[in-house]
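One chain, subunit A, appears in both complexes that follow, with subunit B as partner in the first and subunit C in the second.
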Partner chain A sequence: MTDVLDWTWQYDGVILLTGILCAVAASLPGNFLVLRRTSLLGDAVSHAVLPGIAAAFLLTHSRTGAVLFVGAVVAGLLTAVLTELIRDIGSVDEGASTGVVFTTLFAAGLVLIVQAADAVDLDPGCVLYGALEDSPLQTVRIVGTEIPRVALTLAGVLLLNLLFVVLFFKELLISSFDPGLATTGGYSARLVHYLLMIVVAITAVASFEAAGNILVVAMFIVPPSSALLLTTRLSRMIWLSAGIAAISAVAGHFSAIVLPRWLGYRSISTAGMMTLCAGLCFLIAALFSPSAGVLTGWVRRVRLSLRILCEDLLALLYRIEERGSVPGGAGRSDVSNGQSGVFGDAGFEYLAKKLLCSRRLLILAGWIQQYRGNLVREGPAWRLTDSGRRVASLLVRSHRLWESYLATEGVGPGRIHRQAETLEHYTSEGLRNRLDTGVADGAVDPHGSRIPREDDFRIPPVS
Partner chain B sequence: MSDQTLPLSIQDLTVAWHRRPVIWDVEFDVSPGRLVGIVGPNGAGKSTLLKAVMDLVPKASGRVEIFGRPWRESRQRVGYVPQRESVDWDFPVSVLDVVTMGLYGRIGWFGRVRRVHREAARRALEQVGIGELADRQISQLSGGQQQRTFLARALVQEADLYLMDEPFAAVDAATEQAIVGILRSMRAAGRTAVVIHHDLHTVPDYFDSVVLLNMRVVAEGPTHEVFTRENLERTYGGRLTLLEEATEALRRREQRL
Partner chain C sequence: MSGFWQVADFLVSVVADFRPLAPGVAGSFRDRLSSLLLFEHYNTRVVVLGAMLLGLASGLVGCFTLLRRRALVGDALSHATLPGVGLAFLLAPLAGYDGGNRLVLLAGAAVSGTAGALAILFIRSLPRLKEDAALGIVLSVFFGAGVALLTVVQQSSAGRAAGLDRYIFGQAASMTADDARLIAVTAALAALLIACNFRSLTLLCFDEGYAAAQGYSIPLLDLLLMFLVVLITMIGLQAVGLILMIALLVIPAAAARFWTNRLWVMLLISGLIGGLSGFLGAMLSAVFADLPSGAVIVLTCSLLFFLSLLLGRERGVLVRSLRRRELSAAIDREHLLRGIWELRESAVEFSGSVVERRAAGFEELLSLRSWSIGRLRAQIRRASAEGLVWLNSEGAIELTRRGVMEAERLVHHHRLWELYLITHADVAASRVDREADAIEHVLEPELIARLEQLLLQRQRSGEIPASPHEMGGFQSQVGSVASPEGRQS
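And now, the complex of A and B:
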């Protein structure tokens, strides 16, 4: 394993750790950016890092990390303040005003950096893609051990973000959901907004050196958006987003090692691969989300129509039994010994025509009901079992009760059957009994057919 | 001078937006234990009035006193029910979470939400008749249920003065009756509610007094005295009021500059 991947803990372990720290740290405050519909603000604040560092250097002529760090955070905050200002003054929407502010600031940063570049080791390309691969090289010495500097910073940021989200959970929740209520309740929505912006700015600044803008912006937004698709509770969303971020970082690093060999490239940006993996996670969430998933919805629809087809099949067989024959001699009934059913090709054609489905679907429905023990197939014949007969009788009961009810409600005789056809699949025993008491004596439906009773085919409990 | 028993006293209140007045020189008092309806056409500044009372929008001039004190000092005694559309109903929280938010003001910064708070929220939900929905996600609620959730959130605050922004907008008849029932039991408990209302037919039935608002107060007082055809025509009148004409002229002038 280690051989195949060309894996060394001193090197890859540190990259992986740095990537995970950065991804998880960014995803935590990112949840609130997504929920406040200010996702772009994370992007904007991250881009302000460049002009911030340049301006800090030009103003102080200091190259100390701390000074540049503060400069970048201040620039990030300035972005947030300016965005709000322009939105209010210019009467434009948040997205447009964010776009105006951060592109302008970023451009100013590019101009300034030419002045500062000679003195500060800053490369615009590095701002975008980061240099995760270099993170193991710079270390600081703490209690006798060499610790990678970037990982140490990011661990601090992760701790800060974790504390922020846990301690201010309530405040973040109320000011994101209902700023008006928050402010009237004594939690200034504006104050919470700027606290969040400070945290976002610090995260962006701390991450950009290691991971670059792309990764941090992606991690602000993509894992929380994926998590939102998968859950309906904020606390679960936050933990889930952190998990997705970590998984993206791990998957990204491994694919950055493996993919170049398969594709024959020399190397792939680790941060880029991590971002790509986060995008994949989102795609999976979007396909399989329990509430809004594309595939989930499709599966749910197919399952529902299949369930209805299966139920309709039983009800149709019940009606054939009741009548004693099928037009065209495809079926027969011998009620005395419970032997009845539908036979052969003609019977098949008849069922498929009545149920408006293809033969293949019909066979599938028959197979499902056979598996459930509601149907037996003896050679070419399909027959209801005792339990199948019970299920079917209850469906027919629901159907006929609904017809009676709808008729008394004044629905035209031409339409009661079609409405009852739908309603019968969603009728519980309680509802049936209420319909029963509501509808005359419940003996026959408007078409003169007998309404089966609730306990007609109740299977006696096995003692 | 300032009356400590008076739930709400508004003097000379003006709110402007881009120098265009939204409400102008509004002045009225609300006596305790009354249900007060605020009625007026769209754009008359009804929501703005409530927001200005709570400092949610800046005042251009004027003074608001709640139980004889400024808003900041008496906000614990005020419950606000914003318009239903003002929040995102797809937010990943449960109905119970939303109601519990009504207690955040009392819990304070860094305070934890405890079981007593959640139980109080559950009781409030029972009171508005949707106790069984407590653990649902809010996106699954119907319009009427959303409004009941907001009402429960206000109830749980146990405020003395309630400010409600169109609680009856687009709710089913059953919800409307439930809200009216709750308003009446609030009044019976000596509480006061100021309610923005749209349906003119039900005003005499629901409210003890009424404020007819169209940028300024057209008329205010006990419903049976003030809620007259003549006053309504003055409030909803098709013609632009002189005030509106003046502000319109002001705006056009500014745009030409």
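And now, the complex of A and C:
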């Protein structure tokens, strides 16, 4: 496998490690950005890196990493503070004030960069794209082994973020969902907000050098959003988002190796591919999440309506059997030798019309019930089996019990049928028996039809 | 469409042919400045015109996104156009077009921008995820895809030559006449779309529910609004870059909001601010050679924003703090007048004599409420300037005839509300004074009339009812409430 991928641990392993560290580190505080509905603050804060570095350089004329780092973090924090300030004193929309602040700071940064262009070598393109591919090149020597510098920084940031989330879990939880409660609980929601912003700024600055703006902004927002679609528990959401971030990083790196070769190009941006994979994870979550997925929801709705159609089919056949005939002579009933049901095209049309469904759906429902052994289809004839008759009788029993109950509760006679039609599909045996004791006359429904007993068609146990 | 091109051509030619073309920029700063102010250089004219039109158009569109509380949708959608540019470049040769062709790239940008808009609507429809997450996801994922595609494009020499990275940073200074023409056409198209859909867009921003009840499709309207944003950004991106585009979509509209509460005025002001900052920014960066034009336009725009934030006539900080001060001064005045009047009243009751006592001592007034000496002094000075009170020879404060009338009106309001609270809202008599204190300043004449009708059937209208609670000033009342005996009484 390593041959196929042209894989070398010294090179690819480091890129992968850096990508995973960056992704997971960003996704941890990102959960709270998403929950507080300030996701775009992550974007804004990470744009402040440019002006921060430029200002730090112009103020101190130092090119030390630490000085530029602090400058960038301060600028990131400034973005968050100014955004709140303008929102509050100008009563401006939060989004608008974010937009004003970060574009202004970024523009100021560009002007400063041009002023400092002769002295500092900062490629704006590098800020946005990131040079994840270069991460193995710079190393520091620790305890005799060469460790890539950015990986070391990012590991530190990951540790910091993990500590932050674990130590302040309760405070973050409460202040994210109920700032008022946090204040009455004795700590300032505002303070927690600024702590979070410091963490976000540090993460953004530490990541930008290794992975650029895109990866960190995406990992702030996309994995937590995917996790939020999958669960509603905060602790589970955090672990899930970290997992999704790591998976995106791995998948992104592999696709960055494989994809260009298929398409005949030399290389493709690794950070871009990692972002794209995170987007793919989000799409999967949005489609297939058990509780919130679009497709799962659709399947659930279709299955429910099919179940109801299948049940209605049995109940209708039961009623035809009970009545002994179908209008138009499409069916007949001969209970004496168990030969009853619906026959021919006319009967089929009658069923489709009564059940308000297309012919194709009706055939599907028929198949399903045949498969379950509730229905026999002999050529053009559809008739109930014994077990089908039992299921149908219980359904009709539920229906007629509900009608009786609703009538005693004073629901008008014109409305009881439709309500019972809905309720019959959700009625258990226990509920049926309670309804039975609750209604005045448990033998006949308000329309005069006999209410089947619970054990009318009970299949006798095999002795 | 050809009509648009003609209009655009005309616009460009009017400005471009204003002066004969001058040979290259040279000479001293003064020469540069004067040549700029006379629009001697074709390039300068084009850049200034383009930046101005772009600012104007994005100012118009920005108003609606701001009012829809989706100010940063420009941020998301401008990022979302990028993968379309890359894809168009890569795929155009397959369909027999030149990948560097600008219209092909623009078409790609429009398609992926619209896809981004649809993605925002889709994510917005998912449970638990809010607006910000939708914008953030579209922004980052589309941008990631765009960057990945651009790194591929950059590997071919044609791709490098097409200068696709210009789409991210932009170079307003290198705008060509074609760019300016395109901007003019798009701006006109955007303005036309806004004019045609003015009513529905207004409803979308202010009352979504009502718009839906009127039969408008909200997702469709949202899509229209986002398409307008895409239209502006795809033109603006290559001319001025990502960050400037976001700024132009957000800042002018946010600045205009401080000046007015009327939508069409806001549109005008926002377009004006956008156009002005485009104009000034482009001029500044032409005069000072080492200023990047895009950044200077943003900074000009921000400057106008902060001026509006301070000075805006409707919601500016100064106006609002002035309004607050006026309100609190009016409240203080009403408290003062009522205080003097009630002191006089209780003195009459206490002595039982008919000797009218009109004046109130400063110390007495000071103990009435929790106001500082300075505040009370200033208040008395203001009231005497208005002719409501005067200082008599003993240094006591006395109501003038007008002051008495005003005070009687206020006491009347206060006691009506107290009575109402006691008889209809079941509030304890010891608490009504403070509750009425808060509301007496904002009672409308119609409400007073209804209260009179409700409470004072046997009294003549306008006559002041007796106080329903024990008098004796605010301070003593606080004391009585605080002590348990007081609460029992």
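What we mean here is this: the second predicted complex is superposed on the first by the 431 of 463 C-alpha atoms of A that agree within 3 Å, B and C clash if a C-alpha of one lies under 4 Å from a C-alpha of the other, contacts with A are read in each partner's own complex, and residues count from 1 in each chain.
By our rule, a residue touches a chain if its C-beta (ideal position, glycine included) is under 8 Å from a C-beta of that chain, and two chains touch if they have at least 3 such contacts.
Just so it is clear, the model here is predicted, and its values are computed rather than measured.
Participant: Could you tell me whether subunit B and subunit C fit or clash when both sit on subunit A in the superposition?
Facilitator: clash
Participant: Contacts for A:269 in the overlay, against subunit B (first) and subunit C (second): which applies, first, second, both or neither?
Facilitator: second
Participant: Which partner does A:448 reach: the first (subunit B), the second (subunit C), both, or neither?
Facilitator: Neither partner.
Participant: Counting residues of subunit A touched by each partner, does subunit B or subunit C come out ahead?
Facilitator: Of subunit B and subunit C, more residues of subunit A lie in contact with C.
Participant: Determine, under the contact definition given at the top, whether A:414 touches first (subunit B), second (subunit C), both, or neither.
Facilitator: In the superposition, A:414 touches no partner, neither subunit B nor subunit C.
Participant: Going by the contact rule set out at the top, does A:167 touch subunit B (first), subunit C (second), both, or neither?
Facilitator: After superposition on chain A, A:167 lies in contact with subunit B alone.
Participant: Quick check on the superposed pair: does A:90 touch subunit B, subunit C, both, or neither? Answer first, second, both or neither.
Facilitator: second
Participant: Using the superposition on chain A described above, determine whether A:430 touches subunit B (first), subunit C (second), both, or neither.
Facilitator: After superposing on A, A:430 lies clear of both subunit B and subunit C.
Participant: Of the two partner chains, subunit B (first) and subunit C (second), which one does A:107 touch, if any: first, second, both, or neither?
Facilitator: The second partner, subunit C, only.
Participant: Is A:39 touching anything from subunit B or subunit C once the two structures are fitted on A? First, second, both or neither.
Facilitator: Only subunit C; A:39 stays clear of subunit B.
Participant: Between subunit B and subunit C, whom does A:237 touch in the aligned arrangement: first, second, both, or neither?
Facilitator: The answer is first: A:237 touches subunit B but not subunit C.
Participant: Need the overlap of the two footprints on subunit A, from subunit B and from subunit C, as residue ranges.
Facilitator: 37, 228, 232
Participant: Considering only the defined contacts, which subunit C positions touch subunit A in the complex?
Facilitator: Touch list, subunit C to subunit A: 66, 69-72, 74-75, 122-123, 126-133, 135-137, 139-141, 143-152, 155, 165, 168-169, 243-244, 246-247, 249-251, 253-254, 257-258, 290-292, 294-299, 302, 305, 309, 315, 317.
Participant: Can you tell me which positions in subunit A touch subunit B when the two form their complex?
Facilitator: Residues of subunit A touching subunit B: 35, 37, 167, 170-171, 173-174, 176-178, 180-187, 228, 231-234, 236-237.
Participant: Show which residues of subunit B lie in contact with subunit A when the two form their complex.
Facilitator: The contact residues of subunit B facing subunit A are 51, 54-56, 75, 78, 80, 82, 86-88, 91-94, 97-98, 101-102, 104-105, 107-113, 137, 139, 153.
Participant: Can you list the residues on subunit A that touch subunit C in the complex?
Facilitator: 34, 37-40, 42-43, 47, 86, 89-93, 95-100, 103-104, 106-108, 110-111, 114-115, 124-125, 128-129, 212, 214-215, 217-218, 220-222, 225, 228-229, 232, 256, 260, 263, 265-269, 271-276, 278-279, 282, 286, 291-292, 294
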